[in-house]
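In what comes next, chain A is part of two complexes: it sits with chain B in the first one and with chain C in the second one.
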Partner chain A sequence: MAKVIVVTSGKGGVGKTTTSAAIATGLALRGFKTVIIDFDVGLRNVDLIMGCERRVVFDFINVINGDAKLHQALIKDKRVETLSILATSQTRDKDALTEEGVERIIAELAPLFDYIVCDSPAGIERGAHLAMYFADEAIVVANAEVSSVRDADRMIGLLTSKSRRAEQGQPMPQHLLLTRYDAERVERGEMLKVEDVQEILAVPLLGVVPECPSVLQASNVGMPVVLDDKSPAGKAYLDAVGRILGEETEIVIPRVARRGFIDRLLGRTA
Partner chain B sequence: MEARRAGTVSNDSPLPFQIRGTSSTLLALKVIDPCDPAFFIHLANTLALAPGFYRNAPIILDLAAVARKNPVDLTIFCAQLRELTLTPVGIQGATADWERNALAAGLAVFPAGRSADPVSVHGRAAPLPRPSTARLVTEPVRSGQQVYAAESDLIVTAPVSRGAELLADGNIHVYGPLRGRALAGTNGDRSARIFCRHFDADLISIAGYYEVNEHMEPHLFGKPVQIRLDNERLIFEPL
Partner chain C sequence: MSLMNLFRRSPRGTADAARERLQILLSHERAELNSPDFLPQLQRDILNVIRKYVEIDDQRVQVKLDSDRNFSVLEVNIELPSDGERRFPPAP
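Right after this comes the complex of A and B.
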């Protein structure tokens, strides 16, 4: 039976969809049968980042409404064999999601996959609630700034009280993933330090993904960033995948590159 | 209209109701100047400190301070209270004039409070006996969450985030960082205190007297602190 992982944040634009795509692809690269579900109804995103927007015929909402069968809506990734995508509708809104419908489809997917990754919309409304309600585990994505950390905190509170596991009195494992981490801005005091965020949120850290242009480049060509082997962000995501699988690797916190004495003499850049 | 009278019915069938005595603690709103144009603005601000606590709370109007003044129209006054989600149920401490006005507004007349205890918008008619138990919270209290310890102390051994709210009728103890709001003595107990190991609260309140973060002394932030009420002043002391 699949493990359901929700990627959520409260605040918008912090990197949930980028993370969902990267983590799902990373799990699939390790050989796990993985499906990524787009819960951000009305703002189709996952299919764009996964580069399969032209292959969407039926979507999540069609399956919920019984207009299509699950196998008609599941899109197989062309690069990673074990990866599938369940895109969402661009023309509907979040009211198209029903708790009963989501539950039924997750139950239908569960025997077919090892991991179900749910890309949550921003906010704490219906879409975000249904994305996390059936989860077994949560990745809370935050940026190192006050409003994002506050929303993450709110989300963690909801995960520990309003998810199905919480309602059944079961623990809900949660991981904090700091994304878009800009060491220079942290150094200048414009962003919070990793330690500060950890101290406020008090959930285990899954990784720190640096702010890096390769993310936008990858998404522009419809490629999850973990498939770019030169991307520092992709590397950080692959390490995070290892930690989800229980590997205990040291978390690298991006630091400002210091130029050495010789470099400075020779005018080299780091 | 003809009044309904006690009639005769067969008395073998059981009564379709029971009348029993109960005792519940009610909040009292001591009305000092009901004609103050800012009355409801101040009240709304006070209620906003603990919205969950006051929502639909039954409340008695303590009219002792205005007993000798001309009555205001309690029907209108109560409608405004209901708009703030309070549920006025009766009056106390007033004269016959006020009482007629109250009955017309559908309010009960309660016997006057026992003493001239400081009863105000900040507190209940009579402080409850000192709570004997405590509510223990071991998980972090997150932004948007509220924990209320009714008639007892509240002990939190985990962090309390900004935007989280602790309420207790008794004392509040926080062993993780206290960054949210802490309101002790919410039933009007002025002897309630707040203790914390790492003080950085958004708001502190004891028996309705409050202070917001920006008026607190920055040198106390991050330190162990206790807060108590001395007359009408909150005293913040390093522990």
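Right after this comes the complex of A and C.
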């Protein structure tokens, strides 16, 4: 039976879809049968980040409505054999996603996969609620920035009170993933430190993904960033995948390389 | 420029302000999120009962629930208008 992981953040633009794609691909690279589901009905983007936008014929909503079979809507990734994508619909009907429908599709996917990664939309509306409701564990994505941390705190509150596990009185395991972390700005005192965010949110840290040009470049060509073996962000995501699997590797916090006295004298950057 | 920077202590960054603001804000918001759903309705009901006798602003009735591990305290704070501004509702 598959484990259901939700990737959520509350705030938009912090890197949820990038993270979902990276984590799902990372799990698949380890040999686990993994499917990534896009819950952002009306604003789908997982297909684009995964590079399969031209292969979407049927989607999640079609399957919920009984217009297509699950196997017709599942898109097999061409790079990683164990990875599948379930794109969502571009409909403007905000009632397209139903709790009963989502429950049924997850139950149908569960025997076929090891991991189901749910990419949540921003906000706390129905899509975000249903993305997390059936989850067995959650990855809360945040940037070291006030509005993102506040929204992450709110999502942590909702996960611990409004998810199915919470309603059944079971604990809801949560991990904090800090993304777009800029060590230089932290060094200059312009950005919250990892330690600050972790202390405020009080959720175990899964990893720190540095701000990195390779993320934009990977999205340009529809490639999950973990497939770029030179990318520091991709490396950080692969480490995070290891920790999801229970590996106790030390979390590397990006630091600025120390400049020597002569470099500083000459104004050279590291 | 770079020579000056060698000796200048870096100014206190804005990240400290961010941390402090978040700590204060989130301690309030967490308490609100955990408060039971009936509080706003209770507040309206109390307000309506008092309005039978005294005219009073919405803001003058505050209802708060503080939970400890063993007990909860429901704190109801009703601020009546002073004699000068007190008006009685029209006779029924």
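Throughout what follows, the second predicted complex is superposed on the first by the 255 of 270 C-alpha atoms of A that agree within 3 Å, B and C clash if a C-alpha of one lies under 4 Å from a C-alpha of the other, contacts with A are read in each partner's own complex, and residues count from 1 in each chain.
Convention: a contact is a pair of C-beta atoms (placed from the backbone, for glycine too) under 8 Å apart; a residue touches a chain by one contact, two chains touch by 3 or more.
Nothing here was measured: the structure is a model prediction, and the numbers come from that model.
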Exercise. Using the superposition described at the top, determine whether chain B or chain C touches more residues of chain A.
Key: C
Quiz item: Counting only touches as set out at the top, which of chain B and chain C does A:191 meet: first, second, both, neither?
Solution: second
Practice problem: Please work out whether A:150 is in contact with chain B alone, chain C alone, both, or neither, and reply first, second, both or neither. | Solution: both
Quiz item: If you stack the two complexes on chain A, which partner ends up touching A:253: first (chain B), second (chain C), both, or neither?
Solution: neither
Exercise. Please work out whether A:200 is in contact with chain B alone, chain C alone, both, or neither, and reply first, second, both or neither.
Key: both
Exercise. Pick out the shared contact residues on chain A: the ones touching chain B in one complex and chain C in the other.
Key: 150, 153-154, 157, 161, 200
Quiz item: Inside the complex, what are the residues of chain A that reach chain C?
Solution: 145-146, 149-150, 153-154, 157, 161, 186, 188-193, 196, 200, 264-267
Quiz item: Any idea which chain B residues touch chain A in the complex?
Solution: 139-145, 158-159, 161-164, 176-177, 179
Quiz item: Across the complex, what residues on chain C touch chain A?
Solution: 1-3, 5-6, 10-16, 18-19, 21-23, 25-26, 29-30, 33-34
Quiz item: Which residues of chain A touch chain B in their complex?
Solution: 150-151, 153-154, 156-158, 160-161, 199-200, 202
